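For reference, the structures are reproduced in the following blocks.
First subunit A sits with subunit B, and in the next complex the same chain sits with subunit C.
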Partner chain A sequence: MPKLSNMSYKNQRILIIFLFSLVPVVLLLTFSYLPVFKMFQYSFTSWNGLSKNMEYIGFDNYKTIFTKPEYFAVFKVSLYYFFATFVQMGLALYFATILSFNVRMKNWFKGILFFPTLLNGVAIGFIFLFFFKPEGTLNTILDLLGLGVLQQKWLLNPQLINISLAFASVWRYMGMNFIIFLGAISSIGSDIYEASEIDGANRWHQFRHIIIPSIKRILQLNLILAVSGAIGVFEIPYVMTGGSNGSGTFVIQTVDVAFKYSKLGLASAMAVILLGIVVLVTILQRILIKEEK
Partner chain B sequence: MKKTKAVTGLAALTLMAGLFSGCASDNNNATNAAATKAGGNTGTAAEATAAPEGDAAKDIKGDITVITQRTDIVDTVFKDYAAKFNEKYPDVKVNFEALSNYEDQIKIRMSTSDYGDVLLLPTSVAIKDLPDFFEPLGKKSDLEQQYTGLEERTVDGISYGIPITVNFSGVIYNKQVFKDAGVTEVPRTFDQFSAALKSIKEKTDAVPLYTNYAAGWTLTQWEADLATVAGDREYVNIGQVASDDNFVPGQPHYELYKVMYDAAKDGLIEEDPTTTDWESSKADLANGKIGTMMLGSWAIGQIKGLAANPDDVGFMPFPTNAGKILVPLSDDYNLGVSIHSKNKEAARAWVDWFINESGYPTTEGGGMSPVKGAELPEILKQFAGTDITFDTLAPAKAGEEGWVDAIDKEAEIGLWQPDFKKVIIEAAIGNRKQSYDDIMKELNDKWKTARAKIVTAK
Partner chain C sequence: MHTFKYNLAAVLKYISLVLGALMALIPIVVVFFASLKTNAEYASTGPLTLPENWLNFANYTKAFVDGNMLLGFMNTLIIVLISIAGATLTGSMMAYILARFKFRGSKALMGAFLLATLIPGVTTQVATFQIINALDLFNTRWAPILMYLGTDIIAVYIFMQFLDSISESLDESAMLDGASYWTIYWRIILPLLSPAIVTVIIVKGVNIYNDFYTPFLYMPKSSLQVVSTALFKFKGPYGSQWEVICAAIMIAIIPTLIAFVALQKYIYNGFAQGSVK
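For the complex of A and B:
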C-alpha cells in the first residue's frame, strides 16, 4: 500500500487539496448546479411535478409568459422593496458608523441590531402579522403615545400593505448589511482618524471623507445584493399574506403556478426568467458603477 | 431523444414491477392496471381483492409504515389502533409517521420510492397518475357493494383509495347567537340567510360570517357547497364540464360566491380579514363571538371540543334557491397502498381494518363512515324526516374523469385554491376596483378558453 509519506511534498499537497475540495464541490454540484440544470430542462416541458411522463413542448412555456402581461404585473410590488432597500442600507450604514466609534454598551447594541438576521423568516412573518393586527402591537403603541389618530389597518389598506411588508423586510435584513458595513469600517486604521482629528475634522467630515471612500466596494456589493433581493422577495409576504390583497411577488406567483396549479414546467420557465433578470441587473449595475469612476 | 428512451424504460420497469408484485400477492388487479397503464394488452377483467378473513389473518406478517396527517393523535389514538389491529394480525408490526404539512411533504417524497406502505392519496396528484404510485384495491364495481365515495379516486374502473371518512359541507353556526339575534328558523334561501346575518350584526356583538381570509385554505371550503346551490348532484362533475357558462349570473358558481361578496360588502364579515387566525376562530365560534363559518363536518368535533356548551354548535345546509336541499357528501382523504410497499398484504389488511373496524371515520374523522349501512353521526339525526337529502356527487361521465380538475389547472382558476375567493373579498371591501361581475367574467373567460383546450385535447 502506498504511503502518504512516500509521496513528494508537491503530490501530497495536490492530494490533500483534492480531497478537501471534494466534499464542498460535490455538495455544490448536487444542491446547486444539478437543480439549476434540471430547472432549465423542466422549463421546456409541460411536466406537472409528479407524472412519470414529461412532454417536451419547446419554448411554449416562455411564449405563454411573455404573451401574458399579468405574469409581469407583479414586478410593480418589487418597487416597494427596491425603495425599502435604500432605507435599509441607510440605516445599516448609520448604525455601523455610530457603533464603530466608542459608544456605551456598544456590543449590546450590535447584538440587538444583528439579532433579527438570526431568526427564522417564518417566525418573523408571524411576529409581524401580530404586530400589524388591528388590535396588535403597533396600534397599541401608537395609542399609548397618544397618536391614536395614526392607527391603521396596516395589512388591509391596499396603499399601506406593501409598505408594511417592506418595513418588516427592512427589519429582517438590515442586520446583515449592518454587520458587513461594520466589518468594513473596522478595517480602517485608527491612525487615520487620529490624524484627521488633529487636522480638525469632526465626525461628519470623518464619515464623508474617510469612511465612505474606504467602504465604497462594500457599498456596491451590498447594493447589488439588495437589488437582486428586492426582485426575488418571497418569504415575508408569503408567510404574512400569501400574496393576497395586492402583495404578490414574482416568486410567490412562481410557487403558486408550480404547486397550486401543478404546472412545474411553466414555473421553471418563470424561474429561469427571474434568474435572467437578476443576472442582467447585476451586470448593468457593474457597468454603470464602473463608468462612474 | 434520450429522455423518451428513459421514459420508455421507466414504463417497462413499472410494468415489470407490477407483474411481479401482482404474482406475489394474489392480486390480479395490479397486473391488470399496470399493463393498462404501460399501454400493453389489458387482458380480461380481474377479480377484486377480497379482504383477508379468518385464519388467513394469521399468515400475514411484516413491517408496515402508515403515514398520516394527524400529528395530534399519532402517539395516542393511533397507538391504540395498532394494538387492536395486532389482536387480529399478530405478526404485523405497524409503524406510524405523521406529517405536519401532509400535502406538500408527501408530494415531494412520492418522487422517490420511499413513501410508506399505507398513506393518504394526495389530492394534488392528478387522478390519471394514481396507478403509477398506488396499488389497485379492486374493481370499483365490486368494492362499491361495500363502500361509498369510491368514484373520486378511481381510474378506468379500478379503485386506488377508500375514503377515511365522508364529509358533508355547509354552514356551522352558533345557535345561541342566532337566538340572541331573534332568528328562530334555520335560514334556507339566500334572502333568509342574508337577513339572518344582518340581524346578527344589529342585535349581537358577534361577527355574522367569519371568512378566515388570512388562513386561505378555509375559503376553499365554500367550493364544497356548489352542489347545494345547484341543487343537483350531477352539476359538479357533469354539468360544469359541459358548460361554457360556469360563472355567469344564475349559474351555481355565481350564486355561491355572491353570498360571500354580499356579506363582505355589507360589512357582515370580520373587521380586518387580512389578520384572521384559524385556531382562535374555532374558539370564537364555539363561544358565541362568531355567528357562522362555512366548513365541513370534520370541523364540528374540533369546535364542539372548545365550546362551553357544545350543544350551541349547529350545522345547517348552505342556503340555496333550489327546489330541494342537497347536502353533498364528499371524501376526506382516501387511504391507499404504495406501489412500492414490500408487505402489500399487511398494508391492505391495515386499510380494511382502519376503515371498517377502527371507528376512525366517525370518531376522529368526524364525518360519516364510508362503509355502506353504517350509522349516521349524531348531528345529522335532526335532519331525518326533513326534505334535506344527503348524497354523494355523481361521478363524471365515462371518458371525462378528471376534467374539472384539468380545466381548472389549465385555466389557473383554482376552484379549490383560495386565490379568487380572496379577490372577491378584497373587491367587496373596496380594496380593488373590480366589481363582482368583473371578477366572474374574468373567471368565465379563463374557464371557456381552458375548457376548449381540454375538450379538444382529449
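For the complex of A and C:
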C-alpha cells in the first residue's frame, strides 16, 4: 500500500472522500433505504415472511386497512397522544420560562424535571403500572388528599386507559421538550430583557413578546413532530397493557400483524401508510416554516 | 400593593415548581420504597409508607439473580461500547469530509442522510427484519450494533456543527508541514472534536441503553438479553411479587442516575445540541 503522504493532495482527497464515506453510506443504504424499498414491495403481496414465492395482489392490503374498521380504529388512540403533546409542551414551556430567570435551587429543579426523560422505556412502563394499580400510588395519593371518591381502575376502564397511558407518555417526554425550550430561551440575549424592563414590560409581556417569538420555530417544529410522535407510540402501551382494552396503537398493531400473525404483506402496507403520514407532516412543516421567513 | 403582588407571584411560582418536581419524583420514589420492603410488609402497607428497614436488599439480590441482570448488563455494555466507538468514528469521518471538502455529490450525500431521519425507525422494522435475516444476523449481537451504527445522523450533525468552529487554517498549516488528510483528521480534528464526542457518546449511550424494541425483536435468545429485555421478562411471572419487580426497575435505573449526576453539564448541552436541528 502506498504511503498516503506521498500522494498528491488531489488524489488523497478522492481517496479519503471515498474511504470515509464508504461505511456510513453502505450502512445507510442497507438499513434505511433498502428497508423502505422492500417495504413498498412487500405491501403489494400477501407474503407471510417465510414462503419462497411472493404473490402480488395489487392494492388489496391497502383496501383491507382502509375498509376494515379494526385496522383503522387505532388512529383514534393516536388522538389521545396527540392532545397529550399539547399538555406536555405547555408544561415544558412554562417550566422552561420560569427556570430561565432567577430561581432558588434552579439546577435542582432543572435536574429533577429533566431526569425522567433519560429513563429506560421498559422501566417507565413498569413504574406507571405500579402507579396506576388499583392499590397503587395514584389511588393512595387521592385517598390521602381526601379525594377518595376519584379513585379509579385506571388501566381497566376502557374510557380512562388511553388517558392514563398518555399521562405516562407526558411524564416521560416533558423533560425533553423542557430542555430544548430551555436551551432556546437561554440563547436570547439578556440586553433584550433589560431594554424591555426599562420600557416597563412585566414578565408576561416579556414572555408574550420576547420569548414566544424567539422560540417560535422550535415550537412549530415540536408541534408538528407531535403528529408523527402520536402515531409512532409503541413502548409505553406495549409494556403496560400489551395493547389490550382498546389501547393498541398503530405501531403495536403493525408489529403484531407482522410477527404474531405472520401477515408481512399487510403489515408492510400499514407501515407504508404510517411512513406516508410522517412524510406528509414533514413536508407541511417545511412549507409552514418557509412561509414564516 | 406592588410588592404584595410580586410576592404572591413568587410563591405561586415556587409552588408550581415543587408540584412539578413532586410529580416527576413520586412515581420513582414509591418504586424505590417498595423495592426495600419484605413481601409481607409490601402486602400490608401502602405505596407511600416508608420501608421499615432501609437496608433490606433481599429483593435486589433476588431480582439480580433471577433476572440474570449481570448478563443483561454485560450484553448491554458490549453493544454500547462497540456501537458508540463505531458511531463516533464513522460519524466524525462523514462530518469531516462533508464539512471540509466541497465535492460533487456532497449535497446529495447530506440530503440522503437528512431524508433518512424522516423515516421513523419502528415503521421499517418489518422489512429490516428480513434484511437482518438474510445477512444471518438474527439472534446475534451484530444485529442491534449494525442498526445503531447505520441510522446515526444526529452524530454527523453534532460533529459538523462543531467542525465549523474549528478553524480551517489549522488544516492548512498542517498541510504546509506535509501532513496527509488522514493525519489531519486523526491527529488534529479528532482530538479537537472531543467535546462533541462526549456529547455523541451521551446521546447515543442513553438511546442504546434504553432501547427496547431492537433487542426485543432481533435478539430474543435469552443468552443475549440486554437490560431492557431482562427487565421486560419480569412482566407476568412476578405479578404477585411487585417488591421484586420494583427492585429490578431500580437496578435498571441506577446506572442512569449515576451517569446523570456525574455528567449533568454535558448531558444538558448534548440534548440541546442534538435535538434542536
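Observations on the structure shown:
As a working rule, the second predicted complex is superposed on the first by the 252 of 293 C-alpha atoms of A that agree within 3 Å, B and C clash if a C-alpha of one lies under 4 Å from a C-alpha of the other, contacts with A are read in each partner's own complex, and residues count from 1 in each chain.
Everything that follows uses one rule, which is that a residue touches a chain if its C-beta (ideal position, glycine included) is under 8 Å from a C-beta of that chain, and two chains touch if they have at least 3 such contacts.
Quantities reported herein were computed from a predicted structural model and do not represent experimental measurements.
Overlap between subunit B and subunit C is detected when the two structures are superposed via subunit A.
In the superposition on chain A, A:Lys260 makes contact with subunit B only, not with subunit C.
Using the contact criterion defined above for the overlaid structures, shared-chain residue A:Leu113 touches subunit C, although it does not reach subunit B. The partner of subunit A that touches more of its residues, comparing subunit B with subunit C, is C. Once the two complexes are overlaid on the shared chain, A:Ile17 sits against subunit C while remaining clear of subunit B.
Contact with subunit B, but none with subunit C, is seen for A:Pro134 once the two complexes are overlaid on the shared chain. With both structures placed on the common chain, the touch criterion links A:Leu275 to subunit C but leaves subunit B unconnected.
Of the two partner chains placed around the shared chain by superposition, neither subunit B nor subunit C is touched by A:Val149.
Judged by the touch definition given at the top, the superposed model places A:Gly49 against both subunit B and subunit C.
In this superposition on chain A, the options for subunit B are 276-284, 348-356, 366-374 or 384-392, and subunit C clashes with just 276-284. On subunit A, the surface touched by subunit B in one complex and the surface touched by subunit C in the other have residues 49, 133, 136, 259 in common.
Every residue of subunit A that touches subunit C in the complex is listed here, in rising order: 4-5, 7, 9, 12-13, 16-17, 20-21, 23-25, 27-28, 30-39, 42, 49, 91, 94-95, 98-99, 103-104, 107-123, 126-128, 130-131, 133, 135-137, 140-141, 144, 171, 175-176, 179-180, 182-184, 203, 218, 228, 232, 234-235, 239, 251, 254-255, 258-259, 264, 267-268, 271, 274-275, 278-279, 282. Those residues of subunit A that touch subunit B in the shared complex are 48-54, 56, 129, 132-134, 136, 153, 155-158, 161, 241-242, 244-246, 256-257, 259-263. Residues 1, 3, 7, 10-11, 14, 104, 107, 110-111, 124-126, 129, 132-133, 213-214, 216, 271-275, 409, 412, 414, 417-419, 422, 426, 429, 431-432 of subunit B are the ones that touch subunit A when the two sit in their complex.
Those residues of subunit C that touch subunit A in the complex are listed here as 9, 13-14, 16-17, 20-21, 23-28, 30-31, 34, 46-48, 90-91, 93-94, 96-97, 101, 103, 109, 112-113, 116, 118-120, 122-131, 146-147, 149-151, 156, 175, 178-183, 185, 206, 209-213, 217, 227-229, 231-232, 234-235, 242, 245-246, 248-249, 252-253, 256-257, 260, 264, 267-268, 271-272, 275-276.
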